[in-house]
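Labels A, B and C are assigned to the chains in the order they are written; within every chain, residues are numbered from 1.
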Amino acid sequence: MSTSLRNNAAVAVALAAAVLLLTAIALALYWAPNDADQGFSQRIFYIHVPVALTAYACFGWGAWKALRLLWTREARYDLESYTAVHMGVIFGVLTLVTGSIWARISWGVWWSWSERQLVLFLILFLFYSAYFMLRYSTDPGPRRARMSAVYALFGVVLIPISFLAIRLAENFIHPVVFTRDGPQMAGSMFFVFCMSLAGTLALAAALYLNELAGKRLDERLRELREALA
Amino acid sequence: MSDARATVIRARGLERRFGEKRAVAGLDLDVAAGDFLVVTGPNGAGKSTLLALLAGLLAPTRGALEVAVERHEVGYLAHEPLLYRELTAFENLDFFGRLYRVPERRERIGMLLERFGLWDARRERVGAFSRGMAQRLALCRTLLHEPRLLVLDEPYAGLDSDGASLLDGELETLVSSDTWSVPPGHGRGENGRLSTVVLATHDSGRVSRFTTAELALG
Amino acid sequence: MAAVTHYAADVAALARKDLLIELRSRDTVPAMLLFVVSALVVFRFSLPADASNLAATGLLWIAVIFTALLGLTRAFVPEREQRLMDALVLSPCDRSAIWLGKALSVVAFLVLAEAIALPAFALFFAPVSWETAAAFALADLGIAAVGTLLAAMAAVTRARELLLPLLFLPLAVPIVVGGVGASVEPDPARYLAFLGLYDLLFAILAWASFEYVVTE
């Protein structure tokens, strides 16, 4: 079993994540130009949007692994799917928190229903929390793995549908009109953004690999204990 | 007459685990067409789990299990009667008869109900049945589609002596063998009745082999 | 082609079975009818005197969603309590047929509930437009499609019925948006189309994945 190879990959990713993120933060704070409209507070965009995109990527990865599980019935995909969804929720919460902070800084409110990303992540947070409740309430085994996988697939279809729904709902929810133009990204802004995105993705990957390794070890331990019993 | 009989079930190293617990561990089994298998063992040894595996209800967590019959050829009798309490006896059999695409459904249902002494109760809701009647109806449901592979878990449970005789007769009809008899002591429960039966019917209808498989605890 | 007729026959047998059981036991539909009317009355008291039609319509949709949850909670009770799911899974029918048959009966129950709810709403609050009725028709399909699958999942867990609302409500948000939008907006076609899209996507997903939820 190529644990050493896996370990090396995990360490490499973790290092890359650290490097990218630290650079991105430094650039975001010191090098990126000030936004014309929002000034310094706009910089939280450099973490908020990459974190959101990373969360989407995690949910997508989890759905992919879920599909693999249903396809091949191999138990290891359950762990991978579950860990990916777990990462997605962590980054989702981060999205909500950073988004809330940004709203506070920009408009003085901790929550705004006109912020599509925020509302979407609220719905997704509820959905994937239910995912964990589902897992928690089912005895471990192939049944739980498959139900989790199906629910994860539902989640990934829910993302675009909810986004559409939120846009459609704006007509009659009559939000307080806080608008924020997506930053028209000058070249340097875009560079920092990409750096930050790469960093958060790497961070998610590092955490994912780490948690996966830990869970696999738990499983191996359990198997050995059973074999000895 | 050729002695080559088709293998219906082959299990190697069969294991079924529930969480930490291993209900069935490392079992090898061969069932050929014409076999009448009785699975013995104390309570908790995993008989019901094994039968569920053979019927195709559970998948093994480890090992290999090949069953050479299709789903519509399996008749499974579980601990629970698996009948809708709100429906009548007739309606229950009619429903399952539709799902199993039983030809000449009405006639077959009528015949089975008569044979198991339930014709008079055919329009009664199963919820009002006694345990014995429900078990008889469950047997009707199991035999409705003339399955090639019969998997019966505690078939005699809840049956009174009349019902038990009916089941005896039914099993004998299925094996159509003049000399069929279960060797004394083999596979009988305390009341002298078979606790589990796996019967793979043979084209000629004869039981070719009577075997037991013993499961142990743990 | 024979496969399709067989499939249709299986679905018909399954749906017929559920409707027959409900006719006999009368467990679910009367409860749904009473619940939806009670909910509307309670909501009336929660609204301020000058509440707009929009607010009332929103509450109508909420009432129906929760009534649907009530019905869905009962959906697999006979199969769970009497372990009948084993018998269904073992039968030669396609597992997705089990889902479809059950979903059809859920639609029937929902239509019955709305046949009471909409007139009650018209009586208590404001008239109901054709667009609203169409929206409910479309929403019923989506609720049944998603709810039936989730009900089957919940039935297998330890928390059972408690889990169903948690699993269902996030997925119900788009339905409510589509439904309320079609009911109050000047351009209902967009919202009806959205409901149709929801129904299509989730019905296909539920149909394809039901097998994995009910087998080991």
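The criterion applied here is as follows: a contact is a pair of C-beta atoms (placed from the backbone, for glycine too) under 8 Å apart; a residue touches a chain by one contact, two chains touch by 3 or more.
Since the model is a prediction, treat every value here as computed from it, not as a measurement.
> Which category does the touching pattern between chains fall into here: line, ring, star, complete, or other?
Contact pattern: complete, every chain touching every other.
> Report the chain closest to the protein's overall CA mean, measuring from each chain's own CA mean.
C
> Tell me which has more C-beta contacts between its two chains, A-B or A-C.
Output for the comparison: A-C.
> Just how far, in Å, is the C-alpha centre of chain C from the one of chain B?
Taking the average C-alpha coordinate of chain B and of chain C, the gap between them is 37 Å.
> Return the distance between the CA-based centres of chain A and chain B, expressed in whole Å.
Chain centres of chain A and chain B, defined by C-alpha means, are spaced 50 Å apart.
> Distance between chain A and chain C based on Cα centroids, please, to the nearest Å.
31
> Check each residue of chain A and list the ones that touch at least two other chains.
Within chain A, the residues that touch at least two other chains are 139, 142.
> Give me the residues of chain B that touch two or more other chains.
59
> Enumerate the residues of chain C that touch no fewer than two other chains.
Correct list: 215-216.
> Under the definition above, what is the set of chain B residues touching chain C in their complex?
55-59, 70-72, 74, 76, 78, 80-87, 91, 95-96, 98-101, 125, 141
> Considering only the defined contacts, which chain A positions touch chain B in the complex?
Per the touch definition, chain A meets chain B at residues 139-142, 222, 226.
> Within their complex, state which residues of chain C touch chain A.
Its residues touching chain A are 54, 146, 149, 153, 156-159, 163, 166-167, 169-171, 173-174, 177-178, 180-181, 184-185, 190-191, 194, 197-198, 201-202, 205, 209, 212-213, 215-216.
> Would you tell me which residues of chain C are touching chain B in their complex?
Those residues of chain C that touch chain B are 6, 9-10, 13-14, 16-17, 20-21, 24-25, 78, 82-84, 86-93, 215-216.
> Touching residues of chain A toward chain C in the complex: what are they?
Touching chain C: residues 70, 123-124, 126-127, 129-130, 133-134, 137-139, 142-143, 146-147, 149-151, 153-154, 157-158, 161-162, 164-166, 168-169, 171-172 of chain A.
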